[in-house]
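Consider the two complexes below, in which chain A is the common component and chain B and chain C are the respective partners.
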Partner chain A sequence: MHTKAKFIIGLATLLALHLMLSMPIHAHGVRIHHTVDVVVEITAAYDSGEPMAGAQVSVYAPDDPSTPWLTGVCDDEGRFSFAPDVSRPGTWTVRVRQAGHGDIVYISVGGSSDTSGRASGYAPLQIVLMAVCVVWGSVGTALYFSRRRR
Partner chain B sequence: MHIPDGILPVPVSAGGYAVAAAATWYSLRKINQKENPREDVPKAALLTAAFFVASWIHIPVPPASVHLVLNGLLGAVLGYFAFPAIVIGLFFQAVMFQHGGLTTLGANAVIMGLPALAAHYIFRLRNLGDRWNRTKVAVLGFLSGSLAVGISVAIFIAVLLTNLPSQLDAPTEMTAIYALAIAHLPLMGIEGVITTMLVLFIRRVRPTILDGV
Partner chain C sequence: MKTPFSILTLVLMLVAGIMLVGCPSDEERTGTLQFYAEGEERAREGLVSKDGWSISFDHIYVTLSDITAYQTDPPYDPYTQVTVDHQVRVSLEGTYTVDLAKVGSAADPRKLVGQVSNQPAGHYNALSWRMVKAASGPAIGYCLLMIGIAEKDGEIVEFTIGVDQEVEFRGGEYVGDERKGMLEPRGTADLEMTFHLDHIFGDGLKPADDEINLDAFDFEALLADPTIIDLVEVHLGHVGEGHCRVIPLG
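Up next, the complex of A and B:
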């Protein structure tokens, strides 16, 4: 059974894809139009590290959180990328799901160019420390209840 | 087998909580009826820790990997303490490691806790006739360990299949769910063996541990 899926938002920053130049021939004036397309790439993996190959992805636009704007499937490395519609700025929602496991990430698009995603969680050392604390709590409970009755 | 937040619709999560609350109440009532309800608390506390940690022990079953559950073991060794122990273990897994989730805590408790009670009933069958017959203890230990995982997987599948969201491609998701279920078959054997080893060890070293169960 897989542990909870965790997303590492690999990178959701923009790749400037198209630089569209238009140069009218007739005058000396030059006009340069350019558009920047934002491409979001997510990488989905179980927290055992195994990529969620073939997981289903649904992308929701900020103004319509109920109908998927795009659906797709992760590749063998658990990656999925899409280009959100920059004319609909706000927080885009990406859900990944496979066999009852999955997670949701929120990616802000437009306005400021920053993106946000869930951090990749705790460092291994933190996890071990937290686990040790819980285990010690249990051991302490056991010791308390097993002390000799006076 | 831990269902995370955001997978189940609200009524199912609420229903999970209702069933889990009822089962917890019933277990606690049964514990309270014992002569000394506190007697088994140390055992329950230690096995809660074992349950909490067990979900990190991954067993690679190509193409997936599964992790230990140990709910059958808890049921066999703890009896009615198993259900509250599993609820507490799941709670810590959810809040500390986002393994499972708080909204699905009830549903996960049903998925893993009710089979633990089933394992308890199976293991209790040893009280018919010679209680400490080695073969009987071993066989019942294996059955409780493996069947608990099997029942858990069955409940897990049933909950997911009845709640497939419409935006998903249903056949793909169902294939993934069935693949996950099949990956749990070896786990049933592994947990059965672990439970057998533990109950045989207890039988040899300190059979009084299992007296109250």
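Up next, the complex of A and C:
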């Protein structure tokens, strides 16, 4: 068989296979979609070990530390669970209070901590520009003196 | 004739100048931090001790020094950490004797100890302070001096209870109705040193086997020997409802 004919047959075979595999298969298919939610569960107790049953819980998202994102109460075992919004990564704050006693716990969500530390006050563009200016100034000074020596 | 090098340098300098003019000044990035001392209603209105004495206070003098606020990330945990690892620290210089039995003002019953201006904005989520012996004034020689009247079954006792044990309190974020210490640029935020007197006297309105009463003292025992108050064990100092680590001094 000619090489050209072999090539055409091979191409046709590949095309047929492609069409077969691309055709919808009408059967009793099953599709399972899944999502992974982060669920945080806390357990609050007094130093004596007594659960803080019915204690007030306030949850704060990292990007709004002043307004509770969620409020609720602990169950009889002092447990409280919630699913933080993973699109708001950082340090989530959970405050538990009851009858003049309370505590706060911090939970990192999304792999990055919040930015509660001191800000430099400069935008990233400003920092980059300042760095470029410093480098350019150094290079320029070096070039200036190297030119004068010639 | 200008070379490309010099033209580029001029352009860069011009752009840098424009950008730097737009940078916020120190004043635009800072605010005022206020420090309060608070003995709560028990200090101002009185309490019932675990052994049934109705106590009212004329004065509760606490002498405070080395008052310091911190921005900590990760947040300071007084239960597990001794030192307060911080990114920003703000100190209120000086030593102050404050009377917790007196109302601070009509608007705010807490006692304003002092304030510091032009401090970096951010969340001040840790606080430490020392209770030291007063060097002068009505509480001289004492870190804590409580003066008042107690009554039980018709018996009335005038008392003066003094403590001269110097300690340092280190607490995390304030725990209360609202979050505190969030200092916005050009704004004002406050932090609070809270003193829980029921940790000394107990609470006669609660059952005898309540945890607060198990650890507190009988008032009559305090009258007989005020030195039984160990400020390291009592955990008098709080940040709102949040407990502090207590470090003995000296």
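Points to keep in mind about this one:
Just so we're on the same page, the second predicted complex is superposed on the first by the 77 of 150 C-alpha atoms of A that agree within 3 Å, B and C clash if a C-alpha of one lies under 4 Å from a C-alpha of the other, contacts with A are read in each partner's own complex, and residues count from 1 in each chain.
By definition in this document, a residue touches a chain if its C-beta (ideal position, glycine included) is under 8 Å from a C-beta of that chain, and two chains touch if they have at least 3 such contacts.
Just so you know, these numbers come straight off a predicted model, no measurement behind them.
In the superposition on chain A, A:48 makes contact with both chain B and chain C. Looking at the shared chain after the overlay, A:73 reaches chain B, while chain C stays out of its contact range.
Touch criterion met: A:56 reaches chain B, while chain C stays clear of it. Of the two partner chains placed by superposition, only chain C is touched by A:65; chain B is not.
Using the contact criterion defined above for the overlaid structures, shared-chain residue A:100 touches chain B and also reaches chain C. Judged by the document's definition of touching, chain A residues 46-48, 50, 95, 97, 100-104, 121-122, 130, 143 lie at the interface with chain B and also at the interface with chain C.
Contact residues of chain A toward chain B in the complex are 1-6, 46-48, 50, 54-56, 58, 67-68, 71, 73, 95, 97-104, 121-122, 127, 130-131, 134-135, 138-139, 141-143, 145-146. Interface of chain C with chain A (complex): residues 5, 8-9, 12-13, 15-16, 19-20, 22-24, 28-29, 71, 73-75, 87-88, 120-123, 125, 172-173, 175-176, 178-179, 182, 211, 240-243. Interface of chain B with chain A (complex): residues 1-4, 6-7, 38, 41-43, 45-46, 48-49, 52-53, 55-56, 58, 64-67, 69, 92, 96-101, 156, 159-160, 167-169, 172-173, 176-177, 179-180, 183-184, 187.
Touching chain C in their complex are the following residues of chain A: 46-48, 50, 60, 65-66, 91, 93, 95, 97, 100-104, 106, 113-119, 121-122, 125-126, 129-130, 132-133, 136, 140, 143.
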